[in-house]
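Heads up, there are several structures right after this.
What follows is chain A paired twice: with chain B in the first complex and chain C in the second.
Take a look at the complex of A and B:
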């Protein structure tokens, strides 16, 4: 009896040591590549530094205060929020619609699946190059098509009008990213037990009712994944905007990430750029933390079950 | 036995390879000329440097993008203490930032060896030196105050190149009446700004131009406001519909296709048009923008040598020494389609339009009217803001925008003055 307890304790501690040992590498990586850069960025945000000099000058919170007086900064924040709303609703909604249509067993389903998903496999820079030509305002594809079908009056200066450029960029992103939400929703729909659908059908439910009352609620895990990733994408949006418009014309399509890049490398102001990235982190945290909290609650609930 | 022999052979081969590397230094030359005629020009330069320096192997490393991406890459290289032997850069403020940061090696010895004060015009030296010390070796120059026009359209409408603003506006009216968009421009912070230099110089003169560069002439001064209004009443009025949604190559296509009659752009557009089969003798010609007839406003690229190991500095100096030679300058200019900043290059090496641009530069140089691009004379923050604000004004030239533009620029000037960021070029 007395010899079993220490053996158990030894086993318990050795098991704990192994667990801790396994955690060392991921924790080390996390600290090196996530925590340290955040601390370093915050440190830089308190400095006046051009990114080239060997020395920096501590200026406290001046970069943060200056940004709060810049209309350009608030314009970028507003653009990020607009992108958030768009990405949560646009590609998500269209992806769900396409998945629902295709789930009804259309002929050529495999081809459609590839066609819908294909744009998502294209790199952002290539997407930008394609859409710069589509949006060429005089003889680009979109303007030409509108002219051919007699809707030439709807043609716009797609990337050159400050009031239009963000919508144009969203159109390109819609084409590019819908494939992802489509694929997740389609997989989700295919995983719904057939019995549930059949039971609803036998009870006399219409296809519309079956979708909204049965399929859509059962798609909640897929929806959560798509919405979460869309929110993250909205916060880290950079490549497609930078490659298509550089944030122009005259800052009209600028988001926080492109402004950060311009201020850091276009203006030699690493301190202010770091302050922008800290603000971006705070904004992203405010948007994404509730999602993470909800997800952790769900994980806990499913573990309890 | 066979195994031992193989190992011995392997070791010998490795030693041989090591020996080969020990004999020559590999030196990277960072640049952003990745394709087409730009790549051809850079390759020609690298080949010349390798031929002239057999002990050093110069390798071109392309940093995709432009000077902004180059800065990002250099920053990382400086942190890692592994800068290249030489890199492509821009003039004036761009050099000054790196000099102030203690990152550039002075080219005093190279300059004396190549007789830089003799082979480069004064206006060019001014932006290759910081506080009188040379830090950049000029190799690629392009004028930005010319207006390209479609010869066939001008001939058909009986138009001649205008020499003043009244004539310019009349030419625009004639083109518009004939159903042709008068003047092309492109979106981005550079192109409208380059167009704006002509109304600016027409209003404030060369002295005023340098006063703005030194921060001595305020953006809310009556002179600057007048320049903005002249720009609005002339070039902005003439701009083609939807110009701001086009890239500079797309607008060049419009000139080629006869959709626009004129296009104010740097002379590099000539290279693009020639590649598209639009020739200078039959397709297009140029005239200086009104108010700049006797002047040459230029954009220029240089090579700088970063501080580094003695071996890399030596390689960098060897490279820029070769670049300064008439042979290398000619090789680059003729392959890329640009003008050599060196007066040693014989003008006869250029084709018809670049010979014209070279003559324009030489004439302006004699009259001491070679003006560097204001964008790079200004502190970086002010220059970039000026580019963005002029684009904003060109898109919407209303009084409200004019007020916004002026107050934003003046705030940037005041901040730069407080930071002591201006330089007396």
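Take a look at the complex of A and C:
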């Protein structure tokens, strides 16, 4: 025994050294591309800088204060919050409904599954291109269909009307994102042991009761994954909005990410844009921190078992 | 009882079919539009009377280069990011003690950060090191921002490989590096390929980094070219739909072919 111990220790030491060596590159990239830029953004947000000239002017918290007086900024914050609520409820709810329906064992299940999932695979700019065509006010798909069924009076200037544009975008995103939550829920439902469902059925539960009392609670791990990803997506939301409307008309569909891009690369006000992104980070933190806290409690609970 | 059950089934079919039609309609219309001549294009619900391929010619002339760029960006960036995910995930799955847990959570926070917080310094940094508007610049950027997710994904995958295999290999005299290279990676092809599919969607579909870090024919990916086309004053929907169709096909095909392993990998990575 005694002769083995030092060899073992050396063995474990070299093992640890190799492991640490493996971590060098990922950690280095993380520090260069996450930590350093985040600190740098905080620094830039205190400056007045056009992104080109050599000198910056330190202006303290002025960027933050001025943003608080801008209706345009508040409108974007409000839009982000609306998107958050929508993404948590809309695609998640529809995805759950579709998964629950398909889980009953419909004929042609494979085809339905592919159809529901297809839009999720396409790029945001393709979503934008396709839905701009759907929403084209005179000869687009939506207006044409409404005319054919005699509801032509409901037709709108879908993307041109400030009061309609956000709902129009949400429709497109619903189409785009539902496939993801559908797939996660569907796989989750398939993982539920048949005995649980069978037992409830023998007890005389209706399909509706089985779903809400048995399946849905067992589906909770899938649900929190979907909700977490939706929340992060709502904070990051940029590409669909930018490619479909550029934030317009008249900033009506703007979210913080598109506003920040416009201020930085359209108006070359890097300090102000940095302040917007710091506000966005704070908003994202406020949304995601409770989620992380909840997740860590779950991890602790599962480790304790 | 029997009638109630069948009523439930009928409404299930009804909802499933209605949603399927709504989901397919925009794709079908976009496909038809890509094959229509300008004269027919306003008749949204009609079929094209002839196969009009000029839209694809126009799209190829205006955006052909950007599609090649997208390929040149996506393929290496997917390989780099998956390899790096495996490299980072391995020690985090096998190291014992608090330090690996800290590094893990530290990397995880990167998955939750809105990229806007790094956008401007990234732009300045990439410009300073001379990689602005270059394809290697896009490789570097995509690889770096994939580190948190890829590491997370591969760590969870490796954690599901029985630890006894690792200990047996070490007793047999296989070093920790040899185990990674000769045993763990070959045993993880399903996880690696699932991650590769997720990453190809993510990188091929990216707009934010492309629009921030490229500025012209040299490196502009297809998504940026299409976005420029969409927001033009007079949108030519025929060529636009042709380009859109081409941009949709690669990732869609990959998902359809590898659907099973994607679902398995996703649940292994996120379901636990």
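The rule is simple: the second predicted complex is superposed on the first by the 278 of 305 C-alpha atoms of A that agree within 3 Å, B and C clash if a C-alpha of one lies under 4 Å from a C-alpha of the other, contacts with A are read in each partner's own complex, and residues count from 1 in each chain.
The rule is simple: a contact is a pair of C-beta atoms (placed from the backbone, for glycine too) under 8 Å apart; a residue touches a chain by one contact, two chains touch by 3 or more.
None of these values were measured; they are calculated from a predicted model.
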Once the two structures are overlaid on chain A, check if chain B and chain C clash or fit side by side. clash
In the overlay, answer first, second, both or neither for which of chain B and chain C A:160 touches. first
Thinking of the overlay built on chain A, is A:106 touched by chain B (first), by chain C (second), by both, or by neither? second
Regarding the shared-chain residue A:249, is it in contact with chain B (first), chain C (second), both, or neither? first
Contacts for A:268 in the overlay, against chain B (first) and chain C (second): which applies, first, second, both or neither? first
Using the touch criterion from the header, give the chain among chain B and chain C with more contacted residues in chain A. C
Partner chain in contact with A:185 - chain B first, chain C second, else both or neither: neither
Is A:51 contacted by the first partner chain B, the second partner chain C, both or neither? both
When the two structures are overlaid on chain A, which partner does A:83 contact: first (chain B), second (chain C), both, or neither? neither
Touch test for A:137: chain B only (first), chain C only (second), both, or neither? first
Would you sort A:292 into first (chain B), second (chain C), both or neither based on which partner it touches? second
Footprint overlap on chain A, comparing chain B with chain C: 51, 132, 136, 138, 246, 264-265
Okay, in this complex, where on chain B does chain A touch? 68-69, 71-72, 74-75, 78, 97-98, 100-103, 187-189, 241-247, 250, 254, 259, 380-381, 384, 388-389, 391-392, 395-396
Seen from chain A, its contact residues with chain B in the complex are 50-54, 132, 135-138, 157-162, 245-246, 248-251, 262, 264-269
Of all residues in chain A, which touch chain C in the complex? 11, 14-16, 18-20, 22-23, 25-27, 29-30, 32-34, 36-38, 40-41, 44, 51, 94, 97-98, 101-102, 104, 106, 111-112, 114-119, 121-126, 128-134, 136, 138-141, 144-145, 148, 175, 183-184, 187-188, 191, 207, 221-222, 225, 232, 235-236, 238-239, 242-244, 246, 256-257, 260-261, 264-265, 270, 273-274, 276-278, 280-281, 284, 288, 292
Report the residues of chain C in contact with chain A in the complex, numbered from low to high. 5, 8-9, 12-13, 15-16, 19-20, 22-27, 29-30, 33, 41-45, 84, 87-88, 90-92, 94-95, 100, 103, 106-107, 110-122, 124-125, 141, 143-145, 147-148, 151, 170, 175-177, 180, 201, 204-208, 211-212, 223-224, 226-227, 229-231, 235, 237, 240-241, 243-244, 247-248, 251-252, 254-256, 259, 263, 266-267, 270-272
